[in-house]
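In what follows, a single structure is set out as structure tokens and then discussed.
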Amino acid sequence: MKKQIMLLLLACIMLPPAILAQTGKVFDNLSLPSKILKGERKFAIYLPPDYETSQRSYPVMYLLHGAGDDQTGWIQFGEVLSITDKAIREGKATPMIIVMPDANTGRRGYANDIKGEWRYEDFFFQELIPFIEKTYRARSEKRYRAVAGLSMGGEGTFTYALHHPELFAAACPLSAATGPLVLEDVTRWMQRRGQDSIATDAQIKAYYERQSVLYLVNNMPDDKKKAVRWYIDCGDDDFLFEGNSLVHIAMRKKEIPHEFRIRDGGHSWGYWRTALPEVLDFVSASFHQF
Amino acid sequence: MKKQIMLLLLACIMLPPAILAQTGKVFDNLSLPSKILKGERKFAIYLPPDYETSQRSYPVMYLLHGAGDDQTGWIQFGEVLSITDKAIREGKATPMIIVMPDANTGRRGYANDIKGEWRYEDFFFQELIPFIEKTYRARSEKRYRAVAGLSMGGEGTFTYALHHPELFAAACPLSAATGPLVLEDVTRWMQRRGQDSIATDAQIKAYYERQSVLYLVNNMPDDKKKAVRWYIDCGDDDFLFEGNSLVHIAMRKKEIPHEFRIRDGGHSWGYWRTALPEVLDFVSASFHQF
Amino acid sequence: MKKQIMLLLLACIMLPPAILAQTGKVFDNLSLPSKILKGERKFAIYLPPDYETSQRSYPVMYLLHGAGDDQTGWIQFGEVLSITDKAIREGKATPMIIVMPDANTGRRGYANDIKGEWRYEDFFFQELIPFIEKTYRARSEKRYRAVAGLSMGGEGTFTYALHHPELFAAACPLSAATGPLVLEDVTRWMQRRGQDSIATDAQIKAYYERQSVLYLVNNMPDDKKKAVRWYIDCGDDDFLFEGNSLVHIAMRKKEIPHEFRIRDGGHSWGYWRTALPEVLDFVSASFHQF
Amino acid sequence: MKKQIMLLLLACIMLPPAILAQTGKVFDNLSLPSKILKGERKFAIYLPPDYETSQRSYPVMYLLHGAGDDQTGWIQFGEVLSITDKAIREGKATPMIIVMPDANTGRRGYANDIKGEWRYEDFFFQELIPFIEKTYRARSEKRYRAVAGLSMGGEGTFTYALHHPELFAAACPLSAATGPLVLEDVTRWMQRRGQDSIATDAQIKAYYERQSVLYLVNNMPDDKKKAVRWYIDCGDDDFLFEGNSLVHIAMRKKEIPHEFRIRDGGHSWGYWRTALPEVLDFVSASFHQF
């Protein structure tokens, strides 16, 4: 009889325990001090479901919001928590940390401005990335880092990965602004803002060569063509159709490998919420070494 | 004794392994102090599944009960917990806070009364909303706030959003009372209650212009027509058919965008429980920026 | 050995035979001679899946097209074949004959005109119905006859069933025109067409009292209120919102039992294709005696 | 002998009971006489599942093959039978006739050639379409006619619908050749074939203005912009990326409504088989009047 009880107890122990569907966590109001931008800069973060229970380090995706929005956009409108949790649960994404910095500054988005007075890009590379990698269990090699973003954040994604192919395994600009198509676009843009006298011709030229995605693509050195995996997506009704189509043509002509999608839709969160699972899948393929 | 142990163990083995999905939480007996209403006012609240594990702020929907009910109605009869949890789990609703105030006062529902002695509407805007946004991680911008309600609470929904289009992204009156159709309705209503001598003609006229949904719709300034997204629903067997149909006609003629549904059914919780998922979906579209 | 063969043969017999999914048939270009309309009048017909294999008679639904269309509309745009086949296969509709007459005449739709020169309604009742019931295995009692239609055909549905409640078990006007709301609408309509001098006041009044759905509803004798089962459906974005909502209000006030739906949508085939299964279900309930 | 009976019986038992769904029919080797092209021209046809049992007329889609292929391509490689049957069965396509003409001529595809000696386009409009509409129960109004095709057949689709917007409700070029981007492309193309002396400058110019999709789009009269519904699809790895992207940009700038897709893939039947269900869905929306 005792043996039978023992066996039953053993069976009990071997039963699967209660399974609590594990979820990731989001924080939408964190900040770090910035010397470069002279003040606190906010960011939001997604930590994957096993972040607290495990002791491992994770790859990181930087996920950039669009103009007029802030670090909470991808959480509130983009549903980054439930979409990423679901992708991880279904094996379509690898557990990763997602960092969403606030670029709601009324300045030049994710770029250093023309006169070098507002240096957001420097903040991003010199302060934000090191802070994240020091504060969280985030891996710091190129192969474990990606960048993605929408609209103005798509422009940030393009320029960051084009400026620093040595830092990103994958880049996913969505409905991206693509910067000035030609040099004159910069001047016109400054005139519209009554700022046409503030910068020298050399500064304008440098800005153009730094921020024009077409220029950067057309001048990419051959040995960098396969440095970053690209996933570019822009709706057929998006007002940014021209820049994205021209970048696709330029990349094809330069033989820069890239995925390009034009799906049904415009410049809207409905489009980006359906893009996010594809981005997670694409980025995870990089983090998985395929 | 051993046999009993055996049976317990057997029961243990035969139980399915528990799988606990994360769920939201409801509290049905909270309160806040009100100077305007001179006393404690009760409210109930729904907090979304990730409220405790994440650190983010949420949009808020105010959900109003009907006459003869109190703050527990939407929880007990309306199944707000399981319906909202399910909608969030299936991606049909965004995580939100739902606030259900008690308007079971025996007075004029959600309105300030004719003589301004009982000012529930002032309480709602000057005390309840600030209290919620201070006490919970609730976002306080218009784009993150909605109001919905049934019957008397549908009248509250109509009037609150018509009085304060600057405060609500979406409004969803269900099986709504629509207030006096004509000025004489107010007098008749007061005569029925033996209160015809208590208010002046000016007070009655002011009350009519404040509480008649038809009057408010017909006098809406052009620049407010698209300020609030409307979802209006009333069963074909509901005794409130006339007011709702006339409001639909008036809104169409004034070119005020609105969704309008007449489904099969009457003035019952069965109707409102099937309306709630649609309300959550509609409100979430606002909170998602589509 | 013989026993084994026997068993095998038995097994063979017991196997389900080949099942050929039976389908209904449509004919879109039939016609009948009309003395009243002085010429051939086209019609289309749907015969249910078992029409050829069985020898039974069927109930009939008359299904009316809208202005600018003809007898092929419900077949081509309305997918009456596949939708009815599916409803019958799934047990949601009873096998029935569906008759779709051509009212593409450039005249007053399904009505007799003001001066009685073009008498489509007389053709419908005195020639079409008898022709159908003589030519096809169609039952001829009221309990086996229904009428439905969209827009101008919804007006036909309303007026036919209001004029002849003794002939229809059920009537389903979809996105219906509801005729003149007031007497002056008739005069205005004739003036717009330069026909204001062709009819006498008595003719105009008679036409109004024959074609105004509101007038007919408001003057319905008490003993006819339950003579016809009504299913009325009109989208919230339909330009015919006012007439349908006012008919709903009038029927409620007159206590005429009716189903009324306002679903999401406008005046479009997408709306009517999703209405058709509900119509088939509602009409079949009549034909089934519930 | 008995053993053979046994085996047959066994086979009988082991066969799954046949369930025969109604299916469409394809014919891949039909022909019509052509005076314009001086000889018999082949075509293939798909007739929908209810073509033989019903007596109705159907809308028609002309479906054009690519270079090096013939009228059997869409049947053999494109699986037009099973894909269309499935789409109809699932309610995603309306029953339609699909006509696949043979343009495997070694000449200029679906175009009239430069010197007007080989006039395939004239054959298509003056002989093929009338033949189909006379021989089959095909409707002949614009609202019931569509054209689609791949590669060289995509060019045919573009030019036919651009030349004759009064004849097509919808046009779906897939992985389309888009003709000469600039006038010089025509000359270069002729030089490559050693034909540079055969045509006059006027003929070359006329050919360019007839066959350049960009030229036709950029010179479309305003009142034709909404005449045809467009669905354009080209893989991100397709060698025809440039023309399709430039047409998308040109159509956006001219405000010509169109659907545009870039999906993952190249110039292959795998791409076109996954495009076909979308084409059927898009074309059916036109045939359904939405």
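For the reader, a short list of remarks on this structure follows.
So that you can tell them apart, the chains are marked A, B, C and D in the order they are listed, and the count of residues begins at 1 in each.
What we mean here is this: a contact is a pair of C-beta atoms (placed from the backbone, for glycine too) under 8 Å apart; a residue touches a chain by one contact, two chains touch by 3 or more.
Keep in mind the model is a prediction, meaning the values are calculated, not measured.
Centroid distances built from C-alpha atoms place C farthest away from chain A.
Superposing chain B on chain D by their CA atoms means rotating through 180 degrees, a value rounded to the nearest 5. Of all residue numbers used at the contact between chain A and chain B, under half are used by both chains, marking a mostly different-residue interface.
Centre to centre, using the average C-alpha position, chain A and chain C are separated by 57 Å.
Here the CA centre of chain C is 38 Å from the CA centre of chain D. Chain contacts: chain B has no residue touching two or more partner chains.
Pairwise chain contacts in this structure: A-B, A-D, B-C, C-D. Interface residues of chain A, counted against chain D in their complex, comprise 236, 241-242, 245-246, 248-249, 252-253, 258-264. Of all the residues in chain D, the ones that touch chain C in their complex are 2, 5-6, 9-10, 12-13, 17-22, 49-50, 53-57, 59, 88, 91, 94-95, 139, 144, 287-290. Here chain A touches chain B in the complex through residues 1, 4-5, 8-9, 11-12, 15-21, 23, 25-29, 44, 72, 75-77, 79, 81-82, 268-270, 273, going by the rule given at the top.
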